[in-house]
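Consider the two complexes below, in which chain A is the common component and chain B and chain C are the respective partners.
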Partner chain A sequence: MERQGPLFTAFVYASALLLTAVVLAPVIWLFVMSISPAADLSAKPLNWWPSEIDLSRYRTLLSAVENSAGAAFIASLMNSLQVAGMATLAAIAVAVPAAWAVSRTPAVSWSLYAVIATYMLPPVALAVPLYMGLAYFGLLNSVFGLALVYLTILAPFTTWLLKSGFDAIPREIESAAMIDGARLDQILRLLTLPLAAPVMATSALFAFLLAWDEFFYALLFTSDLRAKTLTVAIADLAGGRVSDYGLIATAGVLAALPPVLIGLIMQRALISGLTSGGVKG
Partner chain B sequence: MSALEIRNIQKRYGDVETLKGINIALESGEFLVLLGSSGCGKSTLLNIIAGLAEPSGGDILIGERSILGAHPKDRDIAMVFQSYALYPNMSVARNIGFGLEMRKVPTAEREKAVRDTAMLLQIENLLDRKPGQLSGGQRQRVAIGRALVRNPRVFLFDEPLSNLDAKLRMEMRTELKRLHQLLGTTVVYVTHDQIEAMTLATRIAVMRDGRIEQLGTPEEIYDRPATLYVAGFVGSPQMNILDAELTGSGLRIAGEEAFPLPETFRSAVTAGRRVKVGVRPEALRLASADVTGIRLPASIEVMELTGPELVTTARIGEQRITACLPPRTSLMPGSAQVFCFDEAALHLFDAENGRSLLAR
Partner chain C sequence: MSGTWISTRAWLLMLPLLVVMIGVIGWPLVDTVRLSFTDAKLVGTTGSFVGVDNYERMLTGSSFQRALVTTTWFAVVSVAAEMVLGVLAALLLNQRFRGRTALRALMILPWALPTVVNATLWRLIYNPEYGALNAALTQLGLIDSYRSWLGEPGSALTALIIADCWKNFPLVALIALAALQAVPRDITAAALVDGAGPFNRFRFVIMPYLAGPLLVALVLRTIEAFKVFDIIWVMTRGGPANSTRTLSILVYQEAFSFQRAGAGASLALIVTLLVTVLAAAYAALLRRAAGAS
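Right after this comes the complex of A and B.
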């Protein structure tokens, strides 16, 4: 708009600030908690601002001394990276051919709806069968087992996202390549996948986040440092007789870092993927 | 030897018959335009020739060899799509050379072919760009270049100009005509634009409801339309179609006085038979006292000056008629005038089935 009154401008800024505050408040409070001394967090009334900056918990959690809380935390961080990474890679690998097939063959799109329907089941319903299955294959308390379970959650989701990405690529481009003499694998490798790259990046990021944040299955299917993920480790911090709220907050800050970093790195691809404007005929 | 032969091609989707037996034989170097409104099956036919769709029956031969079941890449064809379908992630040079690249043509030879094609289409300066950086007309040229570079036996065009603005469309039309005259290639071209069809084609197939309504040279289609549909589809403004009645040896248009029927139609005469009279707007003139030909008294309603001509709408009884008159004709709305036209410009169609009554 060319003409806007000062009142309107003020309103726009106020709305933006309000949204920012609502979105950022919990994160900022999490960070403040992580650097507050324990006394401040248990004081009544609560000290919203720390009396002094206390970074000891970061040292605790990042120390590599054996059998310390830090070692456990770092081990769970590694488990989370492995589980989420493997599940995401596998999900993309499964989803790309499936999504392409469904996108180019509308007649079988019902199958995708059928898969999505399984999403409606609450995780609790699947917990026992999955537990027994994993136990049978000896995959309980294993990063591979957990990644396999996550794959079942991520694959439908990524397939769905990728399908809409492939839908946006005109079929005529593939027809033209076919007439030009390209084989199916060449069409996918040289044209379709590069054109779908933004959507693939978006799907991968969301899949990674989904796996990273998952708590329920991780709690059920892991029991010690070999497979426990971050979410479970953080819960463990709260589970003892004395809870150090600052320590939990610190773990939360550290747990949030990897996804934020990945998000920042993939920012451009992510945005063009979200708006799907990246593909032009 | 025919370059392309379409034999009784049919296509059904479930109960819907999209193509009901199409037969066309095309000599080498011909420019065939499939003309029709949307949904007439022309694009389906093109896709079947290209191998992007399979027919339910019939056969297609390119160079005397059946290509049914052959992969599109083995049919010796190239296709230009309505949306251009350029590869957005590749440079113009690679777009044009992609077909050769896939066919493992050596790099040096490929680059030369791409350069020659680009030169022909005057797009040498664009070779390093991506399609997204090109204007509509430039993309169109790249799409044509991609087809030309492979030098196939048959070119297929699917409404290639419909995404361009009016001025550019005229330029590209001329360009296509120039290329066809220069290269003498065999072309099948789908369009719904009758001007494109008239100007480009060596033969036009007017299609309707999965059938060929008429197949002929542009002159035949324009001068001797076989049906009412063809008569109405080709020509702008549209041919005037008037209800009329045969009376003995004459013809009466909607209650006006009858005029004697020209020789050529005498065989069709059955008194009282209802017919449709067709006469093109550009065949109509204002009658002066001494003029010969068929006379139509009418009352003028609207005049529109387009520049080269004065498009005049008038009323004959309850029916409207359009005439293209010289631009400096002085007329008054509401005035009574007499139009006239030569006997040769008269078309008669059966009122029921729309077929031309011209003895052939």
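Right after this comes the complex of A and C.
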């Protein structure tokens, strides 16, 4: 490592360039498609760079004129926000007490492994009864029903992340406060939870990204603008008869924007979360 | 405070989670088992008991066997490629060069892109009439005429695997990089002084640090790849000529397209069993690796 020949250095730079190209090219192309005039995208030979910047699809998708493609897109965007938001809040609400209990009471930790083992279950193993159950309660095609179903993914996942977070907070702090006469609820409220705030925020972001990304259950359990999420709307666009590929690309760019921004900003926390065992699929 | 009170308190705190898990996972799973022994339809009839008919029909049917082969091929090839590319990228990112920090940050991009957006993007790239792949290969003189990459049974699965690898190898790279950064500098320096070549340094000095995290990544990626649905549904829906129909796609078609809830449930449980066996085998492997180091 210390003595590097010029040949080796050249090799490193060439590889780095190649890796950059491999990672960036598809993403840049998605963006270029979204701002290229339709004629450029169907030209042969293909125009790799837009002849002029065309932002019309962004205007189309973000305008809320009734019954337009934009109204449908915005509705699915709102549905995704609502479902992911509600599912995240609910998951954190049930996961925080459970994760703390498991972290402080090793005797019950086996139950956590049972919860985590559910990660292995393919969603298809739950889909039929969930469909029938949601139908029974009138929760098909509803953001509430979908958010409830998302707990199958988010609840085990956040509990796992939060448990490692609580493990990192020394219990001695809690015992010391208890000796000083603090009640358990005071300890949790004034001591443990504030210390756990960063890990709670990371877990919530992870959970939100998971819900934002989800497609299978959303495809099964939603059917129109009242509940259809962004992932389903984009799959519809991609599989439908839309002739303007730029429009599909634009929807993709807009849907990717929140997770990509979160990913870039939260880089460090995400990577330490990923490497500690919680991995998004 | 007594031990009983502490564990009672723990159970009370876990109650909300357990109730939710029983409601959305436990009960549906049990009900899937029940359904798998019936000829229930998705809507309408609740079905009657038919014993192991569904299992028999599924296991001996050609669609299941073909889907199993397709799924295994997809999982093995894509995960193997992701591991190799991931480790190579991590070794590169662990070298010192200008722009290294920026490149490390870029690696998060494919991972952060939603699966459906990734699938849509690659579907556009593979487009038979206007796709970027056809345009690039033609302009480079590598192919004479445009091809339908996702429309031909011979190339569709490979095209899917490439799209899946592109999204997932950066994650393996980031995990491997974190492991590489934990290798103490003086050990690699000592190996260099002792005259160890690059291959031996990788095999005997670096690999012991990589093995653990890579195994975990391998387990999780394999399970994910075995359950694959989203990317295939958006790009090919299992076609052409069922050449990309994986197990999850087959279950979807049985249970929801053909509304055969009972048959779909039995198939879903077979998939679950396969994933569980796979995970158990890996877990044993992990434990042995942990014991060895």
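Here is the rule we use: the second predicted complex is superposed on the first by the 228 of 281 C-alpha atoms of A that agree within 3 Å, B and C clash if a C-alpha of one lies under 4 Å from a C-alpha of the other, contacts with A are read in each partner's own complex, and residues count from 1 in each chain.
Quick note on the criterion: a contact is a pair of C-beta atoms (placed from the backbone, for glycine too) under 8 Å apart; a residue touches a chain by one contact, two chains touch by 3 or more.
Since the model is a prediction, treat every value here as computed from it, not as a measurement.
In the superposed pair of complexes, A:Ser42 makes contact with chain C only, with no contact to chain B.
In the superposition on chain A, A:Gln186 makes contact with chain B only, not with chain C. Applying the stated contact rule after C-alpha superposition, one finds that A:Leu195 touches chain B and leaves chain C untouched.
After overlaying the two complexes on the shared chain, residue contacts for A:Gly5 are found with neither chain B nor chain C. In the superposition on chain A, A:Gly138 makes contact with neither chain B nor chain C. Touching more residues of chain A than its counterpart among chain B and chain C is C. When the shared chain is aligned, chain B comes close enough to touch A:Ala177, but chain C does not. Residues common to the contacts of chain A with chain B and with chain C across the two structures: 279-281. By the touch rule above, chain C contacts chain A in their complex via residues 3, 6-7, 9-11, 13-14, 16-18, 20-21, 24-25, 27-29, 31-32, 35, 42-43, 89, 92, 95, 97, 99-100, 103, 105-117, 119-125, 127, 129-130, 132, 135, 138-139, 166, 170-171, 174-175, 178-179, 188-189, 192, 213, 216-217, 220, 223-224, 226-227, 229-230, 233-234, 237, 247-248, 251-252, 255-256, 261, 264-265, 267-269, 271-272, 275-276, 279.
Interface of chain A with chain B (complex): residues 170, 172-173, 175-183, 186, 190-191, 194-195, 279-281. Across the complex, chain C is touched by residues 1-2, 9, 12-13, 15-16, 19-20, 22-24, 26-27, 29-30, 33, 41-42, 44-46, 48, 90, 93-95, 97-98, 100-102, 104-105, 107-108, 111, 115, 118-133, 135, 148-149, 151-152, 155-156, 159, 209, 212-213, 215-216, 219-220, 230-231, 234-235, 237-239, 245, 248-249, 252, 255-256, 259-260, 262-264, 267, 270-272, 274-275, 277, 279-281 of chain A.
Every residue of chain B that touches chain A in the complex is listed here, in rising order: 50-52, 71-73, 77-79, 81-90, 98-99, 102-103, 131-132, 146, 150.
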